[in-house]
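Alright, structures below, take your time with them.
Each of the two complexes below includes chain A, the first together with chain B, the second together with chain C.
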Partner chain A sequence: MSERRITAGAWSASPVILFLLIGFAAPLAAIIVFSFMPPRTFGFGGQPTFENYVTIFESTTYISLLWSLGFAAMTVVILAFICYPVAYGLVRVFGRWSTLVTLLFVIPLFVSENVRLYGWLLFFIKNGVLLGSLKSMFGLDLESILFTRGIVLFGMVYVYIPFMLFPLTLGISMVPNETREAARDLGATRWQVFREVELPLSLPGLMIGSLLTFVLAVGAIAEAKVLGGQQIIPIAHDIEIAFTYAQNWPLGAALSVLLMLIVGALVLLVLRRVDLDRLLGRR
Partner chain B sequence: MAGPDGVILYLKGLTKTFAGHAAVDAIDLEIFEGELFTIVGPSGSGKTTLLRMLAGMEMPTSGDIILRGEKINAIPANRRPTCMVFQSLALFPHKEVGANIEFSLKIRGVDPATRKRRALELMEMLRLPESYYRRAVTQISGGERQRVALARALAFDPEILFFDEPLSALDYKLRKTLEKELKDIHRETKKTFVYITHSLEEAMVMSDRIGVMRSGKLVQIGSPQEIYSTPNSKFVSEFIGDVNVVPVTVTGDRKLTSAEVPGEFRAPPIADGMKDGYLVVRPEFLRFLSEPGDADNHVAGKLYNEYALGSRIQYHVRVGEMTFVLEKLRHEAFQGKLDQDVLIGWDAADSIVVPDR
Partner chain C sequence: MKTRAVRIRHALIVVWTIAMVIFVYLPSLSITLASLTSSRYFIFPINKWGLDWWRKTLDSIQIHQILETSLVIALVVTAISIVLAFFGALAFARYDWKGRSWFQKLILLPIFFPQSVLGLALLLWFNAIGLQLSWQTAVFAHLVWIVPVVTLVISIQVYSFDPAIEEAAYDLGASRLQVLREITIPVLMPGIFSGGLFAFLLSWGNFPLSLFTTGADTTVPEYLYAKMVAGYTPGVPVLGTISTVGAIVILIGGYLVMLALNRRRRAGAG
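Right after this comes the complex of A and B.
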């Protein structure tokens, strides 16, 4: 038997492994450990306790959690309805204009999310771009829709469009064109072709897009802050408060762990129900 | 209006141009009720475009498609009583074998019990085990997928079935089996089949009639026997297997000479006014001679090589720059040594002279 040696593969992977250990695993471990420390302590030396978790369930924090989960779910549903036609157009209808349309969706990503949200703030604010113009041109004096729940949802939908659009585009482009033609040839109307063939075959793209936007939207905070005033408090806001104002790191850590557990469980549940390989026809 | 009796599909000046280029160029064709018609041509000859127009997936640029006396040019694929088996088969990967076969019935709103009964009937006819009903189409073999695609098309109960080279992706042995199976299915169902392929050999096995296509035009239409023994051009004659094609000049009444092969040859009747053309002799009509007088025509050459083709043996004989191909049945094998001087010949009646088209 030869002695154990580190293979070339392991050597090549080591920088990435090291980076992941320091940049991803270590902070995660720190958060988990912190969530079991006594409240308002700032070190790992305390006696482990469940007190933080008890605090969460005794307080009204669950409301923030429900807001976040609910808004994320609504964002996903609205995005699915908005993005499916656009993605379908990108793949099948727009032809050489597809690149231009894609760019229109990608370019805003180069600007910081906060800057874009403040742009919408200026647009919707009283006497701002929209209401100011309406007032001076038509004499209409309307109430601003800023600082409502609706505008928060609008902001989230706006910010997460690309994360739904591009997986969907990929999903739709993977539907073999001949299956469409075959379905049509076998008597299906355009709607039946969509329901029986295109939609089920593009589901993997829809699933991936939905998971991606859901996970991102659960952690959304800027939309509620910038556009929503104090109308809703998302869970990310509670976590931030715990770590900053309240100076209660263990509570913030416990909230983070709880959020990760819930999102992780949901993702696993969906991935288990939906067999991506089977949907893609690989098995 | 209507074509002659017994014509199911009548094409009149059917043309399709893409960016100024005619992929299908003014095709006139009658396809008869219940026949198995094969369109054969090399890739790029326009045969797939032609079939797609017939199935309603491509709109003709000009000309008419007339189905049983009714012009169907503008009727979309889903409202035509025809069905296509695709080259890729285009099975629905997310549906089971049964659901694939039943697709058209489900679309028509047939109840699930009737659908299943019909699917199982078709599966039995195509020798697919009943247990495959619930099997994923991605879990069965290439030949079985082929049968599912055919069953799916038959479930639609079309007036005409179109086939777009469905066997081209399969290995040789399976292809040979399925060619015959397809012809048997044709016999069983008595439906009109229109088949396209690039293999004239495949077309020979199956077809009642064959149309040979080149550069968007049908250059010859006839029975397999006619296409094989009386091709009307060099192109058609060279399309199937090995054949001897000698460039010739007509020198007199049924007399030919060739720049490639010495001597003067007796020819079959030649079309009036033909000056230059090609003499075509099939390998099985060439034979080894012991005396020059044993055949109408004779050529001296050297035996270059021999090849066993199963039931037949093929010989290559070099005459100057040309190689002649001869075939004999195994039990009639020619006993000769390589590089031996041989005399080969053929009768005028076994040859034809075709123009260079």
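Right after this comes the complex of A and C.
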């Protein structure tokens, strides 16, 4: 019996593994090799060099990297706070309405993020939905908050809501009701139940949600472009510039490798501590 | 028996959630409003309502072509990812095998990866092996991200699947293919269906992967982005509204099909 299972598992996994080797591992290897090619070349034939990495450390690119890391971290913290009540409600309060509420939060995932950010542009722009209404109703003539740093953060928080909300919901649903009840019966206050029972037991969900949000937000580019009006240049923008206008693929590759290292280290660190089987509902 | 404090807390949670839902849909509302004006520029409150821009957009041959490209990519991605992810999910959640925890982490890596960087890495890779960029390379790029997502979606269904049914069928002398066709696939159908839905919609809405891998072909999000950057065109809100409403219709339609599937299954079991 177990013999059949072992081979069956490996066989079932093999198409996906093969596909990811060609479609994920190989491109990453390609970008790593490319980051050591001489600047402004387009093939793999050049003499390997560290020049691109030296260029990065001598330039002001670290500013973009810091912006991206800082904004991603802030996005994660804000999202954890604003999503927790909704996730809690999905598990414990809404009952049979949960499916509908879930569906409402899923739908935006499938609309391209630049379309939704464009909606915010129309909302906040001068004579747009917000300022136009204020002007016609109250005669207020305010400046638009578009093209500021704050609106970029706002856009990032908005776009990544589902990526925090759903892992958090999975995490909270892992907390057995009996454990909470027991803590209450033993005289714990509401705050103690939260700190000693709910938070630690739902931590895997919070960790996965934070990781996912952080990783996606570090690579974010559309928010700064659509709403930010170049007030902030995120690292992904630098990478794109290197590949397009600057036509310096090896430099872009080196920047990508730097970003990959940061992201990869974080992902491996968190995934080692999370039991996926439990989180996804294995009985 | 709820205390007053619990009731107040629950009421606050409900109010907060409603506020969040409104927040989530405000931009879609703005886009829809903008698509319904017949003037060249969007000025709110709208004084000239009309469907002129809808007519112009829907009549455009270029738009038809773009919608067709997006649709073809999404359909091919859906078909391929269902097949790959179905077996991937069995390996992820059903079988106990030596490499399983390693495999689970491999599956998660492409999901936990900045998509714009993945798009560029694929661009480099296609260039290195001499592939001409077109909608086919975009299909491949979408799959790298979507196959793992669909694998996770189907895996959630697989976790609730009782392996004893399969074992029973084997003991009764069924072949591997028979078990797959008669037991495994029908039982996992709801998961496969929602996985397919995810695949289609994620491909339909994807921008960062398409941007670097479509070559001369253009998808809807790419077209919208190009137009947005170039300045205001009333066609953008129209197409934006179409893609939003399309996603809502497909999801709700899919949800109803799921309900029907579940009901039939329960009727069949009972």
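The rule is simple: the second predicted complex is superposed on the first by the 252 of 283 C-alpha atoms of A that agree within 3 Å, B and C clash if a C-alpha of one lies under 4 Å from a C-alpha of the other, contacts with A are read in each partner's own complex, and residues count from 1 in each chain.
Throughout what follows, a contact is a pair of C-beta atoms (placed from the backbone, for glycine too) under 8 Å apart; a residue touches a chain by one contact, two chains touch by 3 or more.
Here the structure is a predicted model, which is why all the values come from computation and not from measurement.
Enquirer: Scan A:F50 for contacts with chain B and chain C and give back first, second, both or neither.
Expert: Neither partner.
Enquirer: Quick one: is A:Y62 in contact with chain B, with chain C, with both, or with neither? Answer first, second, both or neither.
Expert: neither
Enquirer: After superposition on the shared chain, which partner residues are touched by A:I82: those of chain B (first), chain C (second), both, or neither?
Expert: A:I82 contacts chain C only, not chain B.
Enquirer: Have a look at where A:P200 lands relative to chain B and chain C in the superposition and call it first, second, both or neither.
Expert: First partner only, chain B.
Enquirer: Return first, second, both or neither, reflecting whether A:A30 touches chain B, chain C, both chains, or no partner chain.
Expert: After superposing on A, A:A30 lies in contact with chain C but is clear of chain B.
Enquirer: Scan A:R184 for contacts with chain B and chain C and give back first, second, both or neither.
Expert: First partner only.
Enquirer: When the two structures are laid over each other on chain A, which of chain B and chain C touches more residues of chain A?
Expert: C
Enquirer: Between chain B (first) and chain C (second), which does A:N127 come into contact with in this model arrangement: first, second, both, or neither?
Expert: The second partner, chain C, only.
Enquirer: Residue overlap on chain A between the chain B contact set and the chain C contact set?
Expert: After superposing on chain A, chain A residues 280-283 contact both chain B and chain C.
Enquirer: Within the complex, which stretch of chain A touches chain C?
Expert: 1-2, 5-13, 15-17, 19-20, 23-24, 26-28, 30-31, 34, 42, 44, 82, 85-86, 88-89, 93-94, 101, 103-123, 125, 127-129, 131-133, 136, 158, 161, 190, 211-212, 215-216, 218-219, 221-222, 225-226, 236, 239-240, 243, 249, 252-253, 256, 259-260, 263, 267, 271, 276-277, 280-283
Enquirer: Can you name the residues of chain C that touch chain A in the complex?
Expert: Residues in contact with chain A: 5, 10, 12-14, 16-17, 20-21, 23-31, 33-34, 42-45, 83-85, 87-88, 90-101, 103-118, 120-125, 127-128, 140-141, 143-144, 147-148, 151-152, 155-156, 159-160, 167, 201-202, 204-208, 212, 220-221, 224-225, 228-229, 236-237, 240, 243-244, 247-248, 250-252, 255.
Enquirer: Using the touch definition from the top, list the residues of chain B that touch chain A in their complex.
Expert: It is residues 55-57, 76-79, 82-84, 86, 88, 90-94, 103-104, 106-108, 136, 138-139, 152-153, 156 of chain B that touch chain A.
Enquirer: In the complex of these two chains, what residues of chain A are touching chain B?
Expert: Against chain B, chain A makes touches at 176, 178-179, 181-189, 192, 196-197, 200-201, 278-283.
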